[in-house]
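Quick one: the structure is below, and I'll ask about it shortly.
The letters A, B, C, D, E and F name the chains in turn, as written, and every chain counts its residues from 1.
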Amino acid sequence: MPVITIDISITSKEIKAALVKELTAKASEVTQIPEEKFIVLINEMERDNIGVGGKLLSEIMK
Amino acid sequence: MPVITIDISITSKEIKAALVKELTAKASEVTQIPEEKFIVLINEMERDNIGVGGKLLSEIMK
Amino acid sequence: MPVITIDISITSKEIKAALVKELTAKASEVTQIPEEKFIVLINEMERDNIGVGGKLLSEIMK
Amino acid sequence: MPVITIDISITSKEIKAALVKELTAKASEVTQIPEEKFIVLINEMERDNIGVGGKLLSEIMK
Amino acid sequence: MPVITIDISITSKEIKAALVKELTAKASEVTQIPEEKFIVLINEMERDNIGVGGKLLSEIMK
Amino acid sequence: MPVITIDISITSKEIKAALVKELTAKASEVTQIPEEKFIVLINEMERDNIGVGGKLLSEIMK
């Protein structure tokens, strides 16, 4: 029962559905664990809550 | 100082309070670590952010 | 499909089995989500890898 | 800078390399975020540390 | 590419920017890994979602 | 009770002690939350378990 967690900035429902579908399919293919055993958790984060190299992503992408 | 993290779909305050109370009591009883040492973090997730078997939980539960 | 993650210092197999059994049962009872939907991940950590109040647990428990 | 974390039972280096390569490629394709921005963390766990439906995976797979 | 994740109650943008800046600088200094390699994820949580010693933080801080 | 989790490659005890001490001190100073409330969890990972831009860190650093 593998768990895949994705920490990512805010994302549309279409992209979330595609992430769940495609990452589950690929991970199942690579590991030979059946798709129905996979759980995917998408942890959407505001750009004020992500830091890269010491700066908020909201400042970097201004 | 054990940390228990629960990833779960959106939940009422009553259930969250009960989860914190009951899981802390049980984990303390099993491990013999005092209750006051436990931290519980409840990470509530929208059903659009949880995937099971390659499908969004929001689609599965329609 | 809730996921319960426990970060804890090194623990015996018996205690891990009891944690999985008891926390799943309690969480299922509180949330009314069936037991078979729960995944529990036990992340055992050395006392050199846990800090409390700025000190390693391995130093505190000497 | 998305972070993909995979909690999974013990896995060979070949499968870990394939997971990193394939999940990064797929996630990049779906999100249109360049591959070099992705970090993948593989958290390998013993079957004594994973519980499904209240039982250790090491007991279920006996 | 170290990842620092902070689970904390709701926090102002100023404090989040300072956490990202200061923790990245300190962690880089201690580990000798360049600042630009660090990712910081701030996971803000409501006080109804944090439990300490079996009680919700929202109850403790009333 | 904030929790700081660090995912990082294998690290010496001296560096882990310094990370716990310094990150707790800085985070306490920035947030005005007392040091004794902080928990730090250091999740050391093999370079075969970290992927950057689709490649294992063990391959990148060869």
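Throughout what follows, a residue touches a chain if its C-beta (ideal position, glycine included) is under 8 Å from a C-beta of that chain, and two chains touch if they have at least 3 such contacts.
The structure presented is a predicted model; accordingly, all values stated were derived computationally and were not measured.
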| item | value |
| --- | --- |
| C-D or B-F, whichever has more C-beta pairs in contact | C-D |
| Interchain centroid distance [CA atoms averaged], chain C/chain E, Å | 21 |
| Separation of mean Cα positions, chain E and chain D [Å, integer] | 24 |
| Residues of chain D touching at least two other chains | 1, 3, 5, 7, 19, 39, 41, 43, 50, 52 |
| Category of the chain touch graph - line, ring, star, complete, other | other |
| Interchain contacts, given as pairs of chains that touch | A-B, A-C, A-D, A-E, B-C, B-E, B-F, C-D, C-F, D-E, D-F, E-F |
| Of all residues in chain A, those that touch chain E in their complex | 7, 43, 45, 48-56, 59 |
| Chain B to chain E touching residues, read off their complex | 5, 13, 16-17, 19-21, 24-25, 28, 35-44 |
| Chain F partner contacts - residues on chain E that touch it in the complex | 1-9, 11, 15, 18-19, 22-23, 26-27, 29-31, 50, 52, 57 |
| Chain F contact footprint on chain B (complex, rising order) | 1, 3, 39, 41 |
